[in-house]
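The letters A, B, C and D name the chains in turn, as written, and every chain counts its residues from 1.
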Amino acid sequence: MAVLVDEKTKVLVQGITGNQGRFHTQRMLEYGTRVVAGTSPGKGGVEVEGVPVYDTVEAAVEKHGANASVLFVPAPFVKDAACEAIAAGLSPVVVVAEHVPLHDAMEVVAFARERGAVVIGPNTYGICTAGKTKLGIPPNQVFHPGPVGVVARSGTLSYEIVDSLSRAGLGQTTVVGIGGDRVVGLSFVDMLKRFEKDPETRAVVMVGEIGGTAEEEAAEYIKQMTKPVVAYIAGRSAPPGRRMGHAGAIIERGRGSFESKVRALREAGAQVAELPWEVAPLVAAALG
Amino acid sequence: MKLYEYMAKAVLREAGLPVPPGRLCRTPAEAEAACRELGPVAVKAQVLVGGRGKAGGIRLADDPAAAREAAAAILGMDLKGYTVEQVYCESRLSIEKELYVGIAVDAQGKRPVVITSASGGMDIEDVPEKAIVRMPVALPWGLMGFQARELARRVGLAGELASQYAGVVEKLWQVFRAKDAELVEVNPLAVVEGRLVCADARLNVDDDALFRHPELPRVSEATELESRVRELGLAFVQLDGDIAVMANGAGITMGTLDVIQHFGGRPMNFLDAGGGSAAGPTAKALEILVQTRPKAILINIFGGITRCDEVAKAIVEVKRRVGIPMPLVVRLVGTNEEAGRAMLEAEGVQAFRTMEEAARRVVELAGEGRGA
Amino acid sequence: MAVLVDEKTKVLVQGITGNQGRFHTQRMLEYGTRVVAGTSPGKGGVEVEGVPVYDTVEAAVEKHGANASVLFVPAPFVKDAACEAIAAGLSPVVVVAEHVPLHDAMEVVAFARERGAVVIGPNTYGICTAGKTKLGIPPNQVFHPGPVGVVARSGTLSYEIVDSLSRAGLGQTTVVGIGGDRVVGLSFVDMLKRFEKDPETRAVVMVGEIGGTAEEEAAEYIKQMTKPVVAYIAGRSAPPGRRMGHAGAIIERGRGSFESKVRALREAGAQVAELPWEVAPLVAAALG
Amino acid sequence: MKLYEYMAKAVLREAGLPVPPGRLCRTPAEAEAACRELGPVAVKAQVLVGGRGKAGGIRLADDPAAAREAAAAILGMDLKGYTVEQVYCESRLSIEKELYVGIAVDAQGKRPVVITSASGGMDIEDVPEKAIVRMPVALPWGLMGFQARELARRVGLAGELASQYAGVVEKLWQVFRAKDAELVEVNPLAVVEGRLVCADARLNVDDDALFRHPELPRVSEATELESRVRELGLAFVQLDGDIAVMANGAGITMGTLDVIQHFGGRPMNFLDAGGGSAAGPTAKALEILVQTRPKAILINIFGGITRCDEVAKAIVEVKRRVGIPMPLVVRLVGTNEEAGRAMLEAEGVQAFRTMEEAARRVVELAGEGRGA
């Protein structure tokens, strides 16, 4: 078992002929991801790393029956490409690009809701079911199979924490980045529900950030979870009212603040780590 | 990107919204002339922060001499850290009632939401929750006519004012969509002689959608230093400490600042070198950090889309070309880690494997630097 | 039992203060329809025939819990009014107006699909569950309770046929006009499925017209129906290629022609009447 | 409403579609001048029916004299019952390949559908089904970019032509939506020197949406008589029989014609007096029917939204004011039936209760009229 993707998932890479698409296709193939086809409008007919390239998603799906997609498409073209994947019935659709226009992201989410697809991102490192498959950009050496499900907003921060889990002998089921943008497809709650149901996941790590209320919403769901949840929230030192990069980390009068998130999570029964490297010991303790 | 009031009002006026006449003035003389043309005016500081009224940034003037005087008082004023460089002289309104209406993005619902209240004229955050009406808008349908009418009813309007209000909300929706807005807000939406008028206006446009809005002016809140780094495509905010920080990803950058603070250090900046940056911009950003003369520099890279060899290449280049006179602590793991570490070691730069070690070390070195 | 509406249906009348709205509200009340409220933007607060009027559907539903709506709203305002009813969860939504722009009709149908509402019309006389309730404009004296379900495109033609059924002692369960426009919400097939399931309906009359392929599609479904279907198709005498009014009756090279419809229906096992007054005898024979 | 080719092309040109230059000409002299300006031209009859090419409605001209001659031959020509009053002189294209693309309404799917084929240049109905590509378009989303690219692939295009084709389809979609079209069609979409050109174009606009398109020209296919009745808001088509018919509702009107034919009569017109018509327009329509001097008149009303008393009032008014010299048969049942029948009886007009009786009677009376 695994969450959302596994070794049988047939992956399409949209934007496969660009630098990032090419580089990460190679890495995904190395990891064992079953990349069956790629797309690049106007470049159909070539191959990238041995993967056949098509002009459209429909052509690729017709030939190779892909069922999930990862996009290495520049932000202005994400809306069309993501809708193309959704319309073709692919799910999940992983949107790596940052700087996707907010209105485009809202439309993609609306289209995905209508068609019943899961969109991961935008502005995500992707998803990895450890030792089985990887859709996105995380380094291949970080994840190791085991009983911990990880969901995070930020990529590098979750590699950081997953790395410390792995070094403590705590492998992962599935690790997913929901994306750093204000509007993203998959939310913390969606993913917590999936981990709660997954028989292989025995504990869950949630890596949040200041800004927004996604962590507070997650806390509401954590109240009814049977599995232990360990959280870490970044941004404790951020000065109030300053905006920190694309994370949209605006602290407004307590809502979305470090304190409000930590309080909500603790009240919900989650363990909250003060520092990134405290996560692994807390998980180890929770698993007994 | 936040627009100044006068810019936001120009956009609203073009969309057919009721906006009072006004003139942008850079000098007291211009304000005097504007008042001569418009009659009694409100002289309003053009700044990107709220609460300027309470801070003395708005003055009323009945005649040109008074307008001149008001502008002279406001221009050059410091409002919450911003110097007022322009005032907007706008026809005075005799306001009978003040409403609030805004359209924003509801991150939880993942769609736009119209927020409105019969209690306008103050911070919407100060209005009690029960006096606030929220209506989510489904995409791609957009705000429908009946929703605008329902909002009018919920803020207690009837008859002609209800119909004007619905028209205002529908046009604000068009602006919100057409301009890729994060926020469009009219507060107060004033009743003046039985008609609705946009007495104040805010329009924040999504930075990531600016490429498709050449028609909009460009406004930057960044300091000169911030602008220089952001031009490289990197997220950068100045802070008031002495340890320069560069990391990749907003989360790990925030986490790095937290950890530095935890060990007793004070970060000097937030620099998210982002995903997939090539050696070029990374080198330039590092060069700028060096120029800010921190007590120490911490580079914290956990490479995913970022390749460690590219980061190492940037460090080596800056070290060779301009030199790095202050202590430099590097933490480097992830994609192409071995190649990166080898390059740094060849240059005599030690790369740590853990964030904990690196953060401890940089705080230690910065302390030594301060001691020196 | 009845199809779509019955005596418990709480009906909202949109556009109740206009001439048609007022007139037909009176007729519906006479028939026994439970008209609980009306709407008319800007006229909330008045009463029409004792029915309270509101500015918006939401206000009316809040106060009176309506669950279906009939619109007497001019064509240019139908799209917004129908979407208002659909958004408020009302179903069916009966659109009487003719000359509704085609693109508006397509959008209303799309919105109804998304929200799971049934739209009857545009350009329909409405729906009547005989002796129980009526949403729309059919004359009160035509329908009588009994075992025959009737679905038609045209209004007056179906009154004609229903009248002859009633005179032959063959009462009706529910009689519905799907509307004369090219794009309508409820289709023949939707309604045939409902009649097939309805325990009180023992035979079905379908009144079609030349043009379009709705009757041919209905024939496909009739093949699997267990209840007898008697059809009448108008337009046999229409000259080819002429357009007859809003019915969109263009005969194009056999597709949508009288002959193709009759052939499809007969092949599907339906009885096809040659003249309107032959319908009742055929139904009587089918019911034995 | 069908637009003439030259009008459709003007709309397409404005939307940024590739349309060849052309001039509308009403005389051979104008065609000569157009050819002098444009070089070699195609001289094309402007009529609202298809198949004009095979019928001799298109001629090629290499020089001004030939253009004059071609226009002289085509102007005044009878094409399927329409007299050619205008020709469109358009730059000659050396066509390498012809595609078909159209957007129409799929009544079954209740949404728009793009229909396209690599085999253009002829009636799309004659192209074998397997060579036709259909793509439904979901509303309110509209045609998305990837759908246009997928269509390009399915008609076998690649590279630059595929990208041009996708652009054409996207712009046609914009026209379809912006103009409330029932049909927009380019056939052939021609490949000329490696570029796509709209060689012919059709645009049919929804009559019911014309109120929101003041920018479009108005084109009528109606005869003068049809126009007079339609101005009353009623649907009317002239036929070639001798029994005038008025009924309410398209279905019952068609049914009435069927029944008249069944009894051996020949209807003279289709007149759907529609739902809810007041006495005024009904009276005017009846007056026009009287003026067409039929052998007999049948009024068949089964009142729903139409009130029988209003119809009776109209009949009485016409009878008193202008007289009805031919036999009049009325069938009247439904809403306010009693009041209506009483009014007619008071005027000596008998109203039947069934369609069968009324239709039999009117055919009988028309036969007597012919006999007389």
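Convention: a residue touches a chain if its C-beta (ideal position, glycine included) is under 8 Å from a C-beta of that chain, and two chains touch if they have at least 3 such contacts.
Remember, it's a predicted structure, so these values are computed and weren't measured experimentally.
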Comparison of A-D and C-D (more C-beta pairs in contact): C-D
For chain B paired with chain C, centre-to-centre distance based on mean C-alpha positions, whole Å: 55
Averaged-CA centre spacing for the pair chain D and chain C, given as whole angstrom: 26
Sequence positions of chain B contacting 2 or more other chains: 140-141
Graph class of chain-chain contacts, one of line, ring, star, complete, other: other
Of all residues in chain D, those that touch chain A in their complex: 141, 144-147, 149-150, 152-153, 158-159, 162-163
Residues of chain A touching chain D in the complex: 41-42, 44, 55-59, 80-81, 83-84, 87, 111
Complex contact set, residues of chain C against chain D: 20, 24, 27, 75-76, 96, 98-104, 106-107, 109-110, 125, 137-142, 152-160, 163, 180, 182-185, 207, 209-210, 212-214, 217, 234-239, 242-247, 249, 252-253, 274-277
Partner chain B, residues of chain D touching it in the complex: 140-141
Touching residues (chain side chain B, partner chain A) in the complex: 105, 107-108, 110-112, 125, 138-140, 177, 180, 182, 206-209, 211-212, 235-237, 239, 247-255, 257-262, 267, 270, 272, 274-276, 301-306, 333-335, 337, 354-356
